[in-house]
Amino acid sequence: MSDTTTLTSPAAPAGQAPGRSYRNYGSSLFRRIFVTREMAVIALLAIVIIVASVSVKNFASPITFSYLLLDTTPILLIALPMTLVIITGEIDLSVASMMGLSSVTVGTLTQAGWPIEVAFVVALVVGVIGGALNGFLITVVGLPSLAVTIGTLALYRGLAVGLLGTTAVTDFPKFWTDIAKAKFAATGIPVVIVPFIILAVVFAVLLHFTSFGRGIFAIGLSSEAAAFSGVHVERTKFILFMLTGVVSAFAGIYYTLRFGSARGDNATGLELSVIAAVLLGGVSIFGGRGALHGVIAGVLLIGVLGSALRLANVSSDVINIITGALLVLSVVSTSFLAWARKRRQRRGGTKKTAVSATAG
Amino acid sequence: ATTSSTPAASGAATGGSGNYAITFVPKNLGNAYFDASDKGGAAAITEFGGKYSEVGPATASPDAQVSFINTLTQQQVGGIVISANDPKAIGDSLNEARAAGIKVVTFDSDTDPSYRDIFINQASPEGIAKSQVDQIASQIGDTGEIAILSASANATNQNAWIDLMKADLAKDHPNIKLDEVVYGDDDDQTSFDKTAALLQSHPDLKGIISPTTVGIAAAARYLSTSSSKGKVALTGLGTPNQMRAYIADGTVTSFALWNPADLGYLAAYADKALIDGTITGKSGDKFTAGKLGSFTVGDKGTVLLGDPTVFNKANIDQFNF
Amino acid sequence: MTTSTRATAPAPLPGRPRGTNAVTETLGRFVRARETGILLALLIVILVTTIKNPTFLFSGDGWRDLLLTPSILVLVAIGQAVVIITRSVDLSVGSVLGLSAFLTGKVFVSFPGMPIIAVFLIGLIFGGVLGLVNGVLVAFARVPALVITLGTLYAYRGINVVWAGSGRINASDLPKEFLALGTGQFLSIPFLAIIALVVLIAAGWFMKNIRGGRELYAIGSDPSAANLYGLKVTRRIIFAFVFSGALAGLAGVLYAARYGTVDSQAGTGFELDAVGAAVIGGVAIVGGSGTVWGAAIGAILLLTINRALPILGVPDFWQQAVVGILIIGAIVLDRVLALRQSRRLIKERDASHV
Amino acid sequence: MAITPDSSVPAALELRGVSKAFGAVVALTSANLRVDLNSIHALVGENGAGKSTLVKIVAGLYHRDAGDFLLRGESVDFSSTAESKAAGIAVIYQEPTLFPDLSVTENIFMGRQPTNRFGRIDRKAMKVEALRLFERLAVRIDPDRPAEGLSIADQQIIEIAKAISLDARVLIMDEPTAALSGVEVDRLFAVARSLRDEGRALVFISHRFDEVFSLCDTITVMRDGQYISTDPISEVTVDEIVRRMVGRDVTELFPKQEAAIGDVVLSVEGLTQPGVFTDISFTVRSGEIVGLAGLVGAGRSEVVRAVFGVDPYAAGRVIMSGTAVPKNSPSQAMRLGLALVPEDRRKQGLVLESSVARNATMAIRRSLSKLGLIDSHVENKAAAIWSSRLEVKTNALDAEVGTLSGGNQQKVVLAKWLATNPRLLIIDEPTRGIDVGTKAEVHRLLSQLAGEGMAILMISSELPEVLGVADRVLVMREGRLTAEISRTEATAESVMFAATHSQEHAA
């Protein structure tokens, strides 16, 4: 401990001989990147695509992927903010109802003669308000998010159904309905993928490369410790719920245009698909763990599997069974792998020599 | 095998493809009514040597139907026979299917005419509405309060019938008052609980019309065990198998339905005629549908099956579907 | 008025006069209980609706439906509450209910002479086995229950649809006596309500007074501490899921008896109602606290609101919105009452310090 | 009270050549421990020496990789804590582990509640028994209140009550006194001695040598997961033990440097939160170390939490160099130069499942980011600076903090807050669970930081620490400030008097 004299405040240059030096990582780069839950999902996705291309007739065509993207875009979109919400240890079950409400908002306003662009804006504002209501009840009143969003799931759906009643609004400007379905010529890639990619980049940076994101992970692992470190726990959650609301509203607008139909029951039950995909993508429901690339792969995996099986004339019930089993298997397998690794280490453990940080 | 993203085949079919792979897409699977109708379709397709299959979503939502339609387009089937969950939402995907040369027939529940080649109408809406109103009127003595238990709030056919019933009631049955229309979402439990609520909120209710097979069965089940049994009349559209017990115990006097198997049978033959190029769906086209004889395409590409059958104690045992 | 907070510890305990004090203490505990607020809300709903339309309560069918309608959900919510108390959740209950209901019908179709009691047992055991699958996956794989049961929700439902196809069980397939159970009454109390009440009392007693029950609370309160205590965590978690599954299975049998029609979609969405009922009834979603009584009251409130709305003149289309508002209102009310109580506790502590 | 280490009587508990590794981290290489009945056995060693790991092996929580484990001469192999419990071993773990939602009584008796004939839990008997235990420990805790919200000290006492009530033949206590103050410690020792005299074997782990020497009969020293020595306590001195622990000489003296005391940095005026603390006013100047003393439960932690903005307060003001510190906003407080090292490092100080690097840079993550983005290389570099200065023992910077030993975890918390370069450092129990070498170092560090002009507010339940380090001592009792004593006047007596004055049960 001869170095104790060098203990100075960090304002002093960092170059002075420290007492110890540290390895940055305990395992190799290869292990850190490839032996992860996210990579497992991505690998599985690749395998499913390859197998399906070879064995399922009509699968390996661009049209498969353009349909796939058109169909899964709402889930892809909502999965982004949902991932962040779940990493903080909360959950939002009201997303599909918010899609319905946003859809109905666009429908009623255009029906009443408003310009559709204004209707879009109003729908997004409705999304912000709905998200803020969730956020308010959860962070300010202090209620559990599962309970609150079960309530708003009913409320937002109820408002949507109440507003439109039996009617469905189907008259939308062709310009907009075409955009929702447009593809980049020849490639078959739908245009809606552009806003998704932009949002995906924004959310990935927000989650993985900002101090806000660091706070999100800390909240999920220990919100008390996060609060003691100056993380705005409540504010962060509030923002995330608002983001979820507005992205859900955006997905609702897309849904309306894609199907050219605004109805109160649009997208019913989509929340479970979103959550299933997020969990499949390796996000821990207890919070604190997860990454966006895994989530996107998770959504696509469910989507690709579904379209391959449909093409292979597998009925929708069997597809549901497979989706459910996949979800269970994926989480069980991670804990099984962890268990197996532990066993292996335990057996080999005694022979290893002490590897710890070298004293300076 | 890759196909180009926009199939070259033109929409204006001159037919003759001979591709008799016809797929039925019901509103949802696990629905007895569609089970019966699709069986009729299967019978017809076997008769003319085509390839029958059935796909569909587990719950009745339009977006799920779209995925299936897209898949069928990719699989290059010859024809699609579909009961639409939304008049508009599945339209684009149907048109893409038609652009790929697939012949689209809607049955039971239609889309906008621009999205399909032909609609097989089970019965004329006017006929259905009138038969329902007449039955309830005779059962309650043409006076008193009634209510309607419908399927989902967006069901196109239901809403059309209900509007016609309202008009009919206003015109010919001034003493009958329609208290309320409630929606059981074609779900047993919801319909059941809505029936209970109806009876509670309208103590003077004399009759219920439920123009949906799920709804009428659930309502009958509730009535049969409540103190209103025999006091509140119930009629509507139901299948004989589901209603047999309630006709027998007197909960229900009569109800109506067309034969769903015939509906599917006719739809299959109509699709064959389109595939063959015998018809194109314009008004006045004629085709023969096996044992059902010959039919003429009417206004807006609609083919009418015929009048519904009214079931009562006397005739119910002759039917099994 | 009570002896709570920082007790004057070694003070002789048994010196307390029995009569009045015990009564006030029980009363005090009741007033402070988390379930009280929600019970109050339920009574208000019933009262207001009855004033608007007396037949809501004072008519044969009204009284019967008040008790009958929530009975099935009460059963499922009891099981759900037990699972949530152990810091898990069982989203597969709706699918288990559906499968069990369909099985019930199939049993009667295949073996028309089957005694009704045997069908009940079959339903219980069948549900228990499905719950066992959940429990084993959750407890051994140490995977969050929400994920596992979301998976089995899909899987069980899928099995149901594959099995049932487009088939359905109609009332005419079921024996008369069995159907009579679904709506019949004993001393003007429906059988279903009696079954639910018996299960409720048994479960409530178990959770409060038996070691196994208390250990469920402990596990939910802090699983790692439960491990350090040497509690049989795995076994208890499996038990909770088997219990929830068995009750969902029983509920499936009762569903068949009550509704008479069962298709492959029976029980869809029940999971959210059950979780909602438990949460509304004060069962903390993070485990460790709440009672099955609360969950049962929550279930009754949820369904009674549903039935009251049309009577109160809320148009059909707006009812779901009102239900949403009421759910939120109920949990906010619960929260406000809890806050008030903790504030009161602090005040009492201050007073005792002086 | 003769100690017979090599008698033919089998030891109550014996471990020979035990090893244990967690992945690449080797916690124990060859640990020995032999505990006799009728004795209290001290187990000492630096942070991370492997004491707690050894305890957990005995408790059946971990399985040893190699070595022998004998109980009364017979080889045993526990695969769960239930088995060790059944074999007569009770353990108080280093970190209290209670069920927050359950009542204090239920916490004590969970899993073995008294029942009547029908298996129904006999609540009354249970409560009477709990009150009896508390009486024996001379504490006042409401047996019906939930464990949620209890202070660490009270939690520790419940752990002790729980262990005693097990009536075990072997009682192992892993730093039970770390959170306790004088009175409770004395009481605990009286109970421990009476248990010994009843013929039981006790193992006592502590970093406080005065306690070890006053209580124990035998002492075993461990270093780096290895057995070093076992001696009767009367035959060794503190200096010798310390030398064996760290492998060289250490002075336990607190090297207080004189620092120029400057302007007022923090001033707190009339801070009040009903039921917790009342009318608290004090100042801290730059270069000054202010000690905040008092019995456990006096409300010291609550005051500093309110100052930092984690807890609310009803009335009063907090002023930092003339600027008002807004209520309920730790991040604003941090911006104004406050730092708080909280008392409960596992819940409040650290995100246990996160890496050393993430934790160490948690409080400076905003200043580390460029254009709003954080680079993990920058993060690692920043984390390494303070970790290395405090000699944090870790395998790599991405190791989960939860896998570090208690003392090393505390160092990470210190690193995290020193990295913010605060003007006022509030530090709640700075050396709880820290070994002697590091402790002296922390004190030197505090002194040095003060010398550089930092203002320091230190809460400590250890009187020698307060007296040795502080320039000025504030004393709290039952939520009120009762005395302010300058360094020259501060003695053990004067501080204790202010802390306990007018308390009936004061020792």
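So that you can tell them apart, the chains are marked A, B, C and D in the order they are listed, and the count of residues begins at 1 in each.
Note that contacts are C-beta pairs under 8 Å (C-beta built on N, C-alpha and C of every residue); 3 or more make two chains touch, one makes a residue touch a chain.
Protein identities per chain, from UniProt: A = Autoinducer 2 import system permease protein LsrD; C = Autoinducer 2 import system permease protein LsrC; D = Sugar ABC transporter ATP-binding protein.
Bear in mind the structure is a predicted one, so any value in this text is a computation, not a measurement.
Colleague: From the centre of chain C, which other chain's Cα mean sits the farthest off?
Modeller: In terms of C-alpha centroids, the chain at the greatest distance from chain C is D.
Colleague: Find the geometric centre of each of chain B and chain C from their Cα atoms only, then give the gap between the two centres in Å, rounded to an integer.
Modeller: That pair's centroid distance is 38 Å.
Colleague: Could you put a whole-Å number on the gap between the CA centroids of chain B and chain D?
Modeller: A distance of 74 Å separates the two centres.
Colleague: Between chain A and chain C, what is the gap in Å from one C-alpha centre to the other?
Modeller: So the centroids are 31 Å from each other.
Colleague: Report the inter-centroid distance (CA atoms only) between chain C and chain D in whole Å.
Modeller: Taking the mean C-alpha position of each chain, the two centres sit 42 Å apart.
Colleague: Where does chain D touch two or more other chains at once, residue-wise?
Modeller: Residue numbers touching two or more other chains: none in chain D.
Colleague: Hey, what residues on chain B touch two or more of the other chains?
Modeller: 29, 58-59, 153
Colleague: Using the touch definition from the top, which residues of chain A touch two or more other chains?
Modeller: In chain A, 161, 165, 264, 315-317, 320 touch at least two other chains.
Colleague: Which of the chains are touching one another, listed as pairs?
Modeller: Those chain pairs which touch are A-B, A-C, A-D, B-C, C-D.
Colleague: Mind pulling up the chain C residues that touch chain A in the complex?
Modeller: By the definition above, chain C touches chain A via 137, 141-144, 146-148, 150-159, 161-162, 264, 272, 275-276, 279-280, 284-286, 315, 317-325, 327-328, 331-332, 335.
Colleague: Under the stated contact criterion, what part of chain A meets chain B in this complex?
Modeller: Against chain B, chain A makes touches at 57-58, 60-64, 66-67, 71, 161, 165-168, 170, 177, 181, 183, 186, 188, 255, 259-261, 263-269, 306-307, 310-311, 313, 315-317, 320.
Colleague: Can you check the complex and tell me which residues of chain C touch chain B?
Modeller: Of all residues in chain C, those touching chain B are 53, 55-56, 59-62, 65, 69, 157, 161, 164-168, 170-172, 179, 182-183, 255, 259-266, 268, 306-307, 310-311, 316-317.
Colleague: Where on chain A does chain D make contact in their complex?
Modeller: Interface residues on the chain A side: 1, 3-4, 6-11, 14, 18-26, 205, 209-211, 213-215, 217-218, 221-222, 224-232, 288, 345-346, 349-350, 352-357, 360.
Colleague: With touch defined as at the start, can you tell me which chain D residues reach chain A in the complex?
Modeller: Those in contact with chain A are residues 19, 21, 23-26, 29, 63, 65-66, 224-225, 310, 330-331, 333-334, 340, 342, 347-354, 357-358, 362-363, 365-366, 368-369, 372-375, 377, 380-381, 383-399, 416, 418-419, 421, 437, 441, 444-445, 448-449, 452, 454.
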